[in-house]
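Before we start, here is the structure in question, set down as C-alpha cells.
Per-chain residue numbering starts at 1, and chain names A, B and C are given in the order in which the chains are listed.
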Amino acid sequence: MISETVKRGLNVSIGENCIIGENVIIHNNVTIYDNTVIGDNTEIFDNVVLGRPPKSAGNLVHKLKNKYPNLIIGKNCIIGVGSVIYIGTELGDNVLLSEYCCVREECKIKNYAVLGRHVTVNHSVTIGKRTKIIDKAILGSYVTVEDEVFIGPGVIFTNDNSMRLIGEQLGKESGPHLKKGCKVGANAVFLPGVIVGANAIVGAGAVVTKDVPDGELVMGIPARIVEK
Amino acid sequence: MISETVKRGLNVSIGENCIIGENVIIHNNVTIYDNTVIGDNTEIFDNVVLGRPPKSAGNLVHKLKNKYPNLIIGKNCIIGVGSVIYIGTELGDNVLLSEYCCVREECKIKNYAVLGRHVTVNHSVTIGKRTKIIDKAILGSYVTVEDEVFIGPGVIFTNDNSMRLIGEQLGKESGPHLKKGCKVGANAVFLPGVIVGANAIVGAGAVVTKDVPDGELVMGIPARIVEK
Amino acid sequence: MISETVKRGLNVSIGENCIIGENVIIHNNVTIYDNTVIGDNTEIFDNVVLGRPPKSAGNLVHKLKNKYPNLIIGKNCIIGVGSVIYIGTELGDNVLLSEYCCVREECKIKNYAVLGRHVTVNHSVTIGKRTKIIDKAILGSYVTVEDEVFIGPGVIFTNDNSMRLIGEQLGKESGPHLKKGCKVGANAVFLPGVIVGANAIVGAGAVVTKDVPDGELVMGIPARIVEK
C-alpha cells in the first residue's frame, strides 16, 4: 500500500506491509522496517531509519517485549537527516524532528511538536501538542511533557536516583512530569518523578530535586523558588 | 564541473551544477544537493549530507527564505561521518568537522576552525579562524565567535530569554558574541546577547548572564568575576 | 574470511582482509574499512561505519600515527544505527552501543559495557566491564572508567585545564580516573586528572575539581563532600 505519488531517492529500502500516503518524499538511503505507516505529505530526509526494533546485548534493566505495535507517523511531518524512530511509537501530524533525533519504542509525540537536533527520547515518553524541545535534550523513559511546553537546549530528565546497573525495571512514576505551558531554560536537570506545575519557569542550569508549584520560577542547584 | 581526479565511494549522489575540485575524496553514501561547491583536496566521509535546504512543518518562529546562496566548502577540509551542512553556508580552507556535526543555513566557518562530534550550529552563526569547538556544543542562531577561541565540551549558547513558542522572529542582537582568544570551560551556558571580552576565561559549568570584560575570569551560577 | 552465515542488508561495503564471524547480521548501508574483525552473533545496525582512520585538516594538537592496530569487535555485541568506531580500538563481548555513538582510536571497551545514544569517546579511553554510560556523555582522551560504574546522562570528562589551541600533546595523566562501582549523576563535569574513589557518588550537576575519596558523596560547584 504505497501510494503511486510517493517520491523515492536512491537506495531506499521499504519493508513488508508498509502503508505510505500521498505525496510522501523519501530521500536517499532511508531504511523503513516492516509494517510502518506514514501519512500524506510527510518528508523523510536522507539516512533516516524507521521502525527499528529494540535489542539487548544481555545487559539492560528494561525488559523488551516480543511484539510491539506498528510505528505510525502522521501527515505533513518532517523527519530530519539520520533520525531514528523505533517500532511501537506514534507521531501526530505536522511533527518536526530535526537531524539525528532518536525516539525509542512506545512513545507518543503529538501534533505540531518540534524536536531539535540530537534530541533523544527513551521508551514510553509522551510529548504534547505544539511543545518545542531544543537541541540535545535527553528525555529518560516514562517522562510526560504536556502541551505547549518549551524545553531549552541540553535539558536532561533522569528516572533513577539509585543509578543501578541491574535490578527491577522502573515504573511509570519514575519519569518527571511537566505540565502545560511551563518553560525550561538551557541545561536544567530534572531528578526522577518531579512534577513541574502549569506555566512554571525553570532557570538555566537549575537542578530540580522536588516539585515546582504552578506558575512559580525556580533557579539554582538545587532549584529554589525565587521572586519573578 | 566535477574534476576527473575526484574519488567516489559506493552509492554517492551528486546533484546538478555542483563544482568539485581536484583530488576530493567522497566516501560511501554521501548525498550532495544541487549547486554545492567543494574545494581541492577536501575529504568527505561516509553518510555526509551537503546542501540540504531548511524545511518547516508549520511550527517554526524563524521564517525560511525561498532561495539561499550555494553551499561553499573550501580546500583541504575534512567532513566527518554523517555531518550535515545546509545550503547557504560557507566553510573556509582546512576546516575540520568531526562526526555528526549539523550546520544550518547562512553560517560562516573560517579557515582552520575545528568542530568536534555532534556540534550543532543554528542559522546565521559566524565562527572565526583557528577556533576550536569541542564535542556537543550548541550554538544558537546569530552567535558570533571570533578567531582563536576555545569552547569546551557541552557549552550552550541561547538566544531567547522569553522561551517563546510563537511570535516575532529573533534579531541579530539575540546571539552571544565571544571575542578573540577567549576560553570557555565545559558545560558553560551563555544567555542571549551577552558579550565575552577578548582573552576572557569562563569556568566550567558557569551560567553567563551578563557581559564579561576583556581578560577577566568568571565562574559560578550566575557567573561572577573571580581573581585569577 | 567472511562466514557464510553472515546476513547482509542492502548496499553493505566490506573492505579487504576483514574477518567476520558466524551469524553476524549487517543491516543496510554499513561501511566496514579494511582489516576489521567482528565476532560471532554480533548485530550491526544501519549506517554504521567501522574502522575509520583518524584524519587531521592541519589543526589538531594530538599527533596521529601512520599505522594503528585493527579494529576488533567481540561476540554478541549490538552496534546501534550510525555508530562510528575508529581503527585501533577493541570491544569485548556483549557490548551494546546505542545510536550514533562515536569511539575514536586505541580505546578498550570491556564485556557487557553499555553506551547510550550519542556518547562520544575520544582516543585512548578504557571502559570497564558492565559499566553503563547513559546518553550524550563525553569522554575526553585518556579517561579510565573501571568496572561496574554508572555514568548518568550528559556527563563530561575534560582533559586540559589550559584549554590550548596548539602546543604539546596531552599525556595519560590528563584523563580523569573513575574507580570500581562509583556512580555519577546527570550533567556532572570532571576536571582533568581527578580520581574518583571506589563506590563514591557524584551528584547531578556537580563540577569535580579534586579527588573524591572511596565511598564518599560529593555535590555542588565545585563539588564538596556531604553527609549521606
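Criterion: a residue touches a chain if its C-beta (ideal position, glycine included) is under 8 Å from a C-beta of that chain, and two chains touch if they have at least 3 such contacts.
Just so you know, these numbers come straight off a predicted model, no measurement behind them.
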Chain-level touch network, classified as line, ring, star, complete or other: complete
Fitted rotation between chain B and its twin chain C in degrees, CA, nearest 5: 120
Chain centre separation (chain A, chain B; CA means) in Å: 24
Two or more partner chains touched - positions in chain A: 11, 29, 47, 82, 100, 118, 136, 154, 187, 205, 221
Chain B partner contacts - residues on chain A that touch it in the complex: 9-11, 27-29, 43, 45-47, 76-78, 81-82, 94-96, 98-100, 112-114, 116-118, 130, 132, 134-136, 148, 150, 152-154, 183-187, 201, 204-205, 220-221
Residue ranges of chain B touching chain A (in the complex, touch as defined): 11, 13, 29, 31, 47, 49, 52, 55-60, 82, 84, 100, 102, 118, 120, 136, 138, 140, 154, 156, 158, 163-165, 187, 189, 191, 205, 207, 221
